[in-house]
C-alpha cells in the first residue's frame, strides 16, 4: 500500500504531544516503529472527537484490526520535541476503514506520513463484521468539513 | 530499595494521561514495566514545572541516570482509562536525587507507587558529577510547599 | 523491597541474548525499564526449564501477577552486545513467588540485579489463589541444586 | 510502497523466536507495530550472516535509516508462540537498500509480510552517503543463492 495524501476537504484531527525519552533510540531520535504507535494515538483521538470512544466499540464486541500499515519517514525528531499528529479518514468500506496521517514538528515540517487499513472484526468469533451503522454515520459526519476540530485533551496537568 | 511514602509537606506534580493501547498486554491491563515509563513522564513534568527542562540539562552535558527503581503494584488499569501520575522529590544528595511517585486512577484509587534514585553524570566522561547549583536551587524551591502546581500541558489538542 | 542476593545454593537459569536496537534510548544504552522486561524473559525460561510453560499456566486459568519489582543499575550496556540473564527462585509462599535476577555482560560484569514478587491469581475472578500443587513441586525440584541447567533455546536460527 | 514479494531465487535468512509477553496487547496477540521491530531483528541477523554486524557499520560512521516501511497483517499470533522471520534483500541502490520480510508461525502460516527501504547516511553530518563498497560486495554475495543459510544464534541458553 502507498500512503495516501490527505484528501483536500478532509476534516483533520490534530493531536499535540512531546516525544518521550523511551520513544527514542540510540540514534537520538524517535525509533521508527513508534510512528505507527503515534498513528494509533491520532486515530483514537479522531474517533473520540467524532463521538466514538474506541474502548466503547470494543465493549460492544467489535475490534478494529490493522490489516495494512505504511509510512514514509522524511525527517527525524528528538526527545521532548513537540509533534503534531494530523489524522483523517481517507475512505470507508462496508467492513473496513482507511486512515491517513501526517506527523509534523511544531514548525509544521513534515516528519512522517502514512496510512493504515483497518478491518472491523466481531471480537467473539474473530470474524469480519460490517461497521455498525452508528459508527458509519458518525464517521460520515466528520468527512467533508475542511476545518480542524478540537476536543477534550488526551493528557493534561491538574 | 523500598518505595518511600510521599513526604507530607511535599509539592506534588500531577500529570493526567490516558492509557495507550500499546501499553497494555494480553492480561488486558497496563504491562507492569510501563509504570516505570510513567514514573519518568511524571519526573520530566515535575522538572519542567520547576523551571528545568531535562532535555536542556542534557544539552548542558549532564545526564540523570536511574541507578535504582522500585514499585509496588496495587491494582490494574485498562486501556483508555485515565491515570494521574503524582510525583515529588523525596531527597537530594550532592550528586543524586530521589523521586517518589504514586499512580492513581481518575477516582483517586492507588494503582502503583514507587521510587527511583538518579545519579547526576557528566555525559562526556560518563562520570558522577555534582548536581549543578542552579538545579539544586530550583528543586529546593519546589520543596516544602504542600500545594500542587500546574503548568503548560504535555499533550493537547489544537 | 530490596533486591535479594542470589541464594548461594540456588539453581540458576541463564538466558543469553543480544540487546535489540529498539531497547536502547538516546543515551545509547538499554533504556532502564527494559531490564524489567529482561527479568520477565529470564523468569519465563526458568519456568519452562522447570517443566512449566507459563502460557500453559494461563491456559489453566491462573495468572502470575507482578506485585513488586525492584532493580539496581550498575553499568550500561549497548546495542547488539550480549547479555546473560541469570534467574532463580528466592522463595515461595502459598500464593506468591519471589524471583531474583542478575543481568551480566558477556564478560560476567554485573549490569543490573533485581527481584520481583508475583502473586498467583485466578484469572476468571481476578482473586488470589494458592499456587497449584504441581507448580510448587516443580519449583521445589529446581531449588537446592547449585549447578546451572540448560534447555531448548528461546531463539535460534534454522 | 507496496510490500514486495520474495524474489524467487533469493537467499533467505530465517530467525526463529518466541513472542514475548510485553509484545502482546489487550487483544491477546502481537501489537501490530511490533512486527516492524521483528523486521529489524530479521534484517540485523541477515546482515550479520552476510558478514556485516550492523553495530560495526555504525562504528564506522554510517547509519542505515528506515525511510519507508510497509506491512500487511494476515493472521494473529499469541504469547509464547514460535515465529519465524524470513528476510532477504530485494534490491540495492547506490545509497539505499530494500529488504523484504515474511513472518510465519511454526507451521509455516504467513502472519505478516512487508518491506522497508533504508538509506545509507553518514552519521556525523546526517547526510546521504553511498553504501561502502565492501558492504555492497557482501550483500551481492548473498543474492542469487536460493538456499537458506544459518549462523551463530541471536539468543541461546548456556
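As written, the chains take the letters A, B, C and D, and residue 1 is the first residue of each chain.
Throughout what follows, a contact is a pair of C-beta atoms (placed from the backbone, for glycine too) under 8 Å apart; a residue touches a chain by one contact, two chains touch by 3 or more.
Note that this is a predicted model, so its numbers are computed, not measured.
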item	value
Pair joined by the larger number of C-beta contacts - B-D, B-C	B-C
Chain at maximum distance from subunit A, centres defined as averaged CA atoms	C
Length of the line joining the C-alpha centres of subunit B and subunit D, rounded to whole Å	36
Inter-chain centre distance, subunit B versus subunit C - centres from mean C-alpha coordinates, in Å	26
Residue numbers of subunit A (touch at least two other chains)	21-22, 27, 33, 37, 40, 78-79
List of subunit B residues in touch with subunit D within their complex	21-22, 24-29, 31, 33, 78-79
Subunit B residues touching subunit C - in the complex, by the definition given at the top	1-2, 27, 32-34, 36-37, 40, 63, 65-73, 76, 126
Parts of subunit C lying in touch with subunit D, wherever the complex brings them together	13-18, 20-22, 37, 40-41, 44-45, 53-55, 58, 78-80, 84, 148, 150-158
